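Pasting the structures in now, so scroll down.
Both of the next two complexes hold subunit A, though its partner changes from subunit B to subunit C.
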Partner chain A sequence: MTIEIIIQAIISGLLMGFIYALIAAGLSLIFGLMGIVNFAHGEHLMLSMFSSFWLWTLLGLDPIISIPITMLILAISGILTHYLLIRYILKAKMIVQICATFGLSVFLRSLAQFLWTPDFRNVGNPLLEGRLEIAGIFIGQPQFYASLVCLLSFLLLYLFVNKSETGLALQATAQDRKAAETLGINSNKMFALGWALGLSCVSIAGTMMSNFFFIFPDVGVHFALFAFVAVALGGFGSIIGCLIAGIIIGLVESLGGLLIDPSYKLLYVFLIYLIVVIYRPQGLFGR
Partner chain B sequence: MNKTNRNEILAILIMVSLFLLVGFGQSWSLSLSILNMCIISAIMSMGINIQWGYAGIFNVGIMGFTALGGLAAVLVSYSPVGEAWRVGGIGMIISLFLLTLTIVAVFFINRIFRNHSYKYWIIGLTIIIGLILINLFFRPAVQAIENVNPAVTGFLGGLGLPIIFSWIVGGLFAAGVAFVIGKIALGLRSDYLAIATLGISEIIIAVLKHEDWLSRGVKNVIGLKRPVPYEIDLQKTDWFISLISYLNTSKLSRISDSIESEKLLNQLVIEGSSIFVKLSYMILFTIVLLFILYLSNKAQFSPWGRMMRAIRDNETSANAMGKNVVKRHLQVFVIGSAVVGIAGAMMITQNGLFTPSSFLPLRYTFLIWVMVIVGGSGNNLGSILGAFIVWFTWIEAAPVSQFLIELFTSGLEDNNNFKLHLIDSVPYFRYLIMGSVLLLILRYRPEGILPEKIRHS
Partner chain C sequence: MLLQVNNIDVAYDEFQVIWNVSISIDQGEMVALLGPNGSGKSTILNSISNLIQPTNGEVLFDNKKIHLLPTYMRTKLGISHVLERRRVFPFLTVKQNLLLGAWNGEAKIQKEKTLDEVYIMFPILSDRSNQLAHTMSGGEQQMLAIARGLMGIPKLLMVDEPFLGLSPKMIEKIKEIFNDIVNKGIAILFVEQNVKLALKMADRGYVLESGHLVIEGKSDYLLNSEKLKKVFLG
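For the complex of A and B:
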């Protein structure tokens, strides 16, 4: 094992880390806003990968071009999720909320299996292919651009939430729903916006990943687990925590796979989750 | 007789009549095998009912605990592979010893350096040193074990005990894992436990798939010993043949030709042996079911059960009354998981083979949840009824939906793409049907078919 292989693993871990961070950011946004853990997050990722796949197959749109369209599709499905399901369980017990989103995840997954069969698919010759070589280190071009786009969207999301007026209204609703309502913020609209934003984040990650990842109905399971871990690690509801946590998870996954055994990537990430839960239940950046 | 009792009797009658219907309509062998799986699912859903119905703990790792039970069945019943033990046994024992040593060391360091800021660094260092030492012995041992006749064994084997013991061991395995997980994640927000159980079940499956020395991984373990006789042996046993001919005396005496009647008897014996085996499984499973039902009913209506309900319904006030919420939650989580583990071991016992790749979260975790919610959480008989109904629907959903699809698309041509796609997706109809059952029940009868009895005493 040379130093180059380790650097290689660190870089690919970092690249995946940015993608995890964006997925987790969507989850964290929804959680921070209304205190609901979206257990169907992986399935939303799967939906976005499938929509970019179908846009490519049916209309010939390359994933990188179809980003706005998948964003729109997922945002609409997020708004629908809010108005058809989440609106009714906002005040219910936490266990009911878990049941509802878990049920949604099963529904979406079995719907995907039903509609598109559990076959593995992939986007054949996309625009982004091949690899870059920098000083003897190889970087897959799709991975590189995927993480670049994810990082960019992450920064945009951060700026939107912290600087724009709507973003501040979003934060106000997250902090105190009643107080925000007295100030003339329509909290229901804000929740819908939160779902739309959260799922748009997922859609960007999913679309960029469809360049280099197989697409099948169960694809979301592991990513969703990583996203849960990232949110718990970064602190529930903290967006900047997600970035750090995503990077940590990416690094642990790739270094653990390289140094110990690649078949237990999930185990290393999960161990980190357990350690965080034991020693710092509020997460790294938790309030 | 009051209304709830009538409902219960009605429920039992419905269950019995369903099986009689399949028995007379399709075949007794099929009916019994559905029944056996129903009983196993009923035990699993009772385990989940103990967690969810008694205490409101959300466990989404049922699959993992079931698989642990299955692992117990393999480890207890398979005869030890002597060759593998000779080449790798010592290495394995040393690494197990080192693992225990590391854990004990971490435990004591945690005690001794309680108030030091560098505690975590020492713990981390100990774990890393421990892992390196373990790897020194573990890797070569695994290599050696997996090279022993990989086509047939390639693993350590088990203890070679009767497989019945594995039901207890499976419960212990599941309880152990549940204890560790519960110790860490209980007492925090309830999503923490949900994520933890989700993760641990995926990890258990991953370990079973990849650790060939333990469970042969994806190569599967076949030919587990049975607690009941084999069909092939039964067909050669004198008393069984005479039993069958005694039961069918009238049928046999109607045939005068001795060769013909010999042929018929032969066929009856083959059919009878399969039914006999399933019947003996059924008796074993029913004993376990009734035993666990008795215990959980006893627990539910004891002061302990009352305390659990108090904690479930209002944690804060129960805490104020001096009940240790976290400790009780841990207790109930461990007990419920152990019951799931027992059911897992029973399932593998009945199947006779252990296939880690067949464990899917939708099949185990989701379906068992549907059973609990349909049957009525908080009511043990309800979760048994839910298990029977849901498993029955699950088995019969595929033929029924195939029939329905063919009925509705009969106007279309045979090579119509839409029709072909629908027929191809018949297996996925099951999940949609299950999802709709769940939604309908939640919408119109959220407390389940047999709701929890509220006792005022």
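For the complex of A and C:
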């Protein structure tokens, strides 16, 4: 095993890590804001991938061009999800909330199977193809740009939440909904915005991944699992935690696969998770 | 009248806690809402804010019915409500907390100016503007909560237990600030359990016992009332 191979693994782990981070950020944002775990997060990712697949197949739009369309579609479904479903269960028991978003995930997955069959699809001849070579290290172009776009989106999200007026109102609503209401902040609107932002994150990741992943109704399951781990590992509700946790997961997956055995990738990730959670149950950046 | 609460009943689920309560406040008045623990003082403020909807009766502000408006629409009208236990946003800075107080309408346009005024009123908040709210002392947080309420440029400021857990020095400070506020023409409705303290400050008072208004009137009258002693001493 040469040093190049190890560096290669580190880089591809890092690249996947940024993608995991953005997916997790969407999940974390929604949870931090209203205490709802979106168990349909993976299905929202799947829908984003199908959206870019169909925009490519039917309209000939390459994923990197159709990003805004898919983002809009997912943002609108986020808003609808809030107003048609989540709004009614905000005060319900946790088990009701779990059933609601879990039910949504099963529904969306079955709907995808029904509408589009369980076939594996892919975007053929995307604009981003081939490999970059930097100092003897090869990086797939689609992976590289997916990662770059996800990292940039992540930073934009971070700036929005921490620096903009609306972002601060989101945080205020997350920290004390009643107090925010008495100051004139419409919490329902903030929640809808949270869903729109959360699913926009997923849509960017999904679109960029449709360049190099097969697209099928169950594709989101694995990524959602990693997103849950990233949120718990990083600390519930912490956006920066998602970035660090995403990177850790990407690296562990990739290096574990290389150094031990690729078929146990999930095991390494969960092992790291268990170790961190035993020593720091609130996660790395949890309050 | 600035605020009129007419014959409201309030219930949590089936359990009624407020019976037929009426309250009114004029511009620039300081009014105390008194009563023992659990008598329903916070519930009344909360129903004025529509955090809980009255089952009967009506609430008028500037002669307009407002009891059906959602909570967040009240700051625009000129009502600020400082909730029980301060409820500052713990993980935002003092300045961010204050600016969030000016979220609506005119207050938002004026916020830089109001912020300067509030900083003059509460110099400590200016010194600590970049500190996270949860790292402030209880008294400082109480000042922050009141200042945040003022950022909305209210005509009526409602404060639930402003003195709870404060040192005598801090109580004096808040008393002065309340006087400054009413001198600006802003009305204050505040909840308090310490009758003497409250009635020495307020123009008028209302006394609640188990969800019923039992006595009301000018502070001097209440201070000498036998009935008031009975409510608080049992």
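Operating definition for what follows: the second predicted complex is superposed on the first by the 287 of 287 C-alpha atoms of A that agree within 3 Å, B and C clash if a C-alpha of one lies under 4 Å from a C-alpha of the other, contacts with A are read in each partner's own complex, and residues count from 1 in each chain.
Everything below uses one rule, namely that a contact is a pair of C-beta atoms (placed from the backbone, for glycine too) under 8 Å apart; a residue touches a chain by one contact, two chains touch by 3 or more.
Every value quoted in this text rests on a predicted model; they were computed, and no experiment measured them.
Between subunit B and subunit C, B touches the greater number of residues of subunit A.
Of the two partner chains, neither subunit B nor subunit C is touched by A:Tyr88. Within the superposed three-chain model, A:Phe120 lies out of touch with both subunit B and subunit C [touch as defined at top].
In the superposition on chain A, contact of A:Leu267 is made with subunit B only, not with subunit C. Applying the stated contact rule after C-alpha superposition, one finds that A:Glu181 touches subunit C and leaves subunit B untouched. Shared-chain residue A:Phe138: touches no atom of subunit B or subunit C. By the touch criterion stated above, A:Arg109 is placed in contact with subunit B alone, subunit C being left untouched.
Of the two partner chains, neither subunit B nor subunit C is touched by A:Phe214. Partner subunit A is touched in their complex by these residues of subunit B: 56, 58, 60, 120, 184-185, 188-192, 194-196, 198-200, 202-203, 206-207, 209-210, 361-362, 366, 424-425, 428-429, 431-432, 435, 438-439. The touching residues of subunit A, counted against subunit C in their complex, run 165, 168-169, 171-172, 175-176, 178-187, 287. Only residues 49, 51, 70-76, 80-81, 83, 87-92, 96, 99-101, 103-104, 107, 148, 152 of subunit C touch subunit A when the two sit together in their complex. Listing the residues of subunit A that touch subunit B in their complex gives 37, 39, 94-95, 98-99, 102-103, 106-107, 109-111, 113-115, 117, 221-222, 225, 228-229, 232, 236, 261, 263-264, 266-267, 270, 273-274, 277-279, 281.
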